[in-house]
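The chains carry the letters A, B and C, assigned in the order they are written, with residues numbered from 1 in each.
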Amino acid sequence: MEQSAWLCAETDDAEGTRALAGAVAPHLGHGDVLVLTGDLGAGKTCFTQGLGAALGVTERITSPTFTIVSEYEARLPLHHLDVYRIDDPDDTLDLDLPELLEAGVTVVEWGERIDAVLPASRATVELRFDDGDRHPDSRQVRIGLHGPSWLARQAALARDLEPWAVPC
Amino acid sequence: MPAGEDVAGRLCLAVTSSTSVVGVAVGRAGAPAAETVAHEVATDRRHAEELTPLVARTLADAGVTLGQIECFAVDVGPGRFTGLRVGLATVRTLALVAGRPVVALSSLEILAAAEPQRPVLAVVDARRGEVFQQQFGPDGPEGPPVVGRPDDVAPDDGGGHPPVAVVGDGADRYPAWYGVGLRPGREPSAAVMVTLAGHRPALPGHLVAPVYLREPDVHVNVTTRHTPR
Amino acid sequence: MDMTTTTDAGPTPSTITTTILAIETSCDETSAAVVRAERPVGGPVTGAPPRIEVLSNVVSSQVARHAEFGGVVPEVASRAHLEMLEPVVGQALADAGLAVTGLGFDGTGRRPAVDAVAATRGPGLIGALLVGVSSAKALSLAWDVPYVGVNHMEGHLFATFLERPDIGLPLVVLLVSGGHTMIVKVDEPGRYRILGSTVDDAAGEAFDKVARYLGLGYPGGPIIDALSADGDPAAIRFPRGMLDDGLDFSFSGMKTAVINYVRRHPEATNPDLAASFQEAVVDVLVTKVLRAAKRHRAAAVALGGGVAANSRLRQRFAQAAAEAGLDHLVPSRAYCTDNAAMIGAAAHWRLAHDGATGLDAGADPSLRLATT
């Protein structure tokens, strides 16, 4: 049975997206996977920066598109993947993903491209440009919680994301 | 496919790095595993760090120099990608310098060779919920290797009791499908590779490639399968 | 450590010549080079950059293999490196006149007159790095010569010394590639300070992503460079990310600005978009590297990295450095893009300064540049 729940939010600008991601961080543990989706420029790296800062990453988090994977030391190690260039999940075999996913928190930008090699238990974060007349920096954020482990965190997450919450 | 060279009786250096164990052995190709000098190291993601020093240590313990090695054997998978790259790059380079041929052995046949019982099912963990699997009878492989989820490929009799002996880290990981038939031998053994090398053709190093068993590389495996016993 | 192959004639040789085979496989170029340099015997390693003689520098590009994917695919890169490395190494030895036989290996126990083997150990794609590191360590073991693991970014810094060992110090280098954008102050070889770097995307990555968004293909840098020749760099005034703000860079917002612009002005032509975007990126890069040079009293400035092959950047950088009265180097394109000669140059200095790297060293995809 499909077990999913959704939380919807809106941020005014890049700072807001960082702050929202920071509010997600306290709810994370070893082995958690977050799949970020959204068009170029929607703020995926921005979200990861906010998340990393809240996890205690002191290094600068930059886009890992070039090396695909960046690893950061923190309270929980952060693995930052950007699979923008990968269209076939088999092309990730080189990365020894299973070992990577076990320890720490893994954030995968463009993760929908390698859906098959990521665990079903995951959070999805969709970042979208605002369709309406709002400022071009505003983003709609739709967070999907998939699997029992994430559903168990729904109420606590909803509480901490309250400042940005909008109806789904 | 070139016919290959018979290297039985020649001094052989064997390397396996397709799983979480890196192994190196030195001995006469075809000789029993007990007559080889072999070392292995368990490693998570440090195949590159472990392999070169292990080659040096095994050579030193065997009392031979690289220049005296007359052939090489390498585990070409299927298995872990990064491990395979380290093993292949190392052995191909050593073989090129030494001007000696290489015997390519599949991880599945190395595993099977360590187990006397026939038939035996060799199962290597392919990650993301899948295994590489191949069955071996008294006369060699019974069908090609396959990759798939244990519930699709395991020879299940309805209660997690495979009708054959089973070896490999893939079987170890999925006891519900393979547990009852499980025999010792989780990872390919370099010592067993030295034995096998006496019964397989050796090729120029640059013709030896990893077996991925994933599209688009399934065809690579054909060369292994047709290797005469 | 014995690595003497040739010394000056006479009873008391004053210099030692070291010949290094270097291997570079961090991304999508398989490269091998043989470099040679002299250094004083016994004495301390001085701060002066070594004078490196490049005996050979062979590069096999995989660009065509990756173009259909719109970028470098790790698995494809690793496999290609494994395939290409042996012929490329053989060619580098042959070009240097060091081959024992056609490919430099003949199994007779003789070996090429190489005193050390070096390889890029990071940063880069892990599978790609492992091919070069494993092969280099195997060569080191087989030939019984030292192995040297090299930081790719330090290699890019040493590319400057390949062409200008006499360049003024301290030197400020703008390193721009698909994976990096940083300004490095080089007080002398081995003593670096990162003055600024990107807070989000690398400049080359922004080129790639804008090119992909506009449907121009891969690699984005050269395509935008070529297309810009037919466009008006002043057609669209894109924002200059963090232009007035220190020495760090931000290209993500500039990339987003292009996307926003196209969404609102679908009639904009690709040449104008390309030229205007390129101008904005070059503006920021040139402004910041000159600012860094002034602020840190650099004696010279130089470019490095794949994006340094961009013709507009080369032109504007040379012009701005000349106007500021700064000694400067716009390196030849072959030493901007990834190449093993620069790895060999850095390896020569590292070997003299730190000695050999252990054979138990691996690859590090996230390796940072060691700073002082």
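Please note the rule applied: a residue touches a chain if its C-beta (ideal position, glycine included) is under 8 Å from a C-beta of that chain, and two chains touch if they have at least 3 such contacts.
Just so it is clear, the model here is predicted, and its values are computed rather than measured.
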(request) Decide which interface, A-B or B-C, involves more C-beta pairs in contact, and give its chain pair. (result) B-C
(request) Work out per-chain C-alpha centres and flag the one nearest the whole-protein C-alpha centre. (result) C
(message) Relative to chain C, which chain's C-alpha centre is the most remote?
(response) B
(message) Nearest whole angstrom, what separates the Cα centre of chain A from the Cα centre of chain C?
(response) 32
(message) Roughly how far is chain B from chain C, centre to centre by C-alpha average, rounded to an integer in Å?
(response) 38
(message) Could you work out how far the Cα centre of chain A sits from that of chain B, in whole Å?
(response) 39
(request) Check each residue of chain C and list the ones that touch at least two other chains. (result) 75, 78, 126-127
(request) Give me the residues of chain A that touch two or more other chains. (result) 90, 93-94, 96
(message) If I count partner chains per residue in chain B, which residues reach a count of at least 2?
(response) 81-82
(message) Looking at the complex, which residues from chain A come into contact with chain C?
(response) 39-41, 45-46, 60, 62-63, 65-71, 84-87, 90-96, 136
(message) Give the list of chain C residues in touch with chain A in this complex.
(response) 27, 69-76, 78, 123-127, 177-180, 197-202, 204-205, 208-209, 213, 252, 255-256, 259-260, 365-366
(request) Flag every residue of chain C that touches chain B in the complex, lowest number first. (result) 75, 78, 82, 85-86, 103, 105-109, 111, 126-127, 130-135, 137-143, 359-363
(message) With touch defined as at the start, can you tell me which chain A residues reach chain B in the complex?
(response) 90, 93-94, 96-99, 116-117
(request) Going by the contact rule at the top, pick out the chain B residues touching chain C in the complex. (result) 46-53, 55-56, 66-67, 81-82, 85-86, 88-94, 96-100, 205-206, 209-210
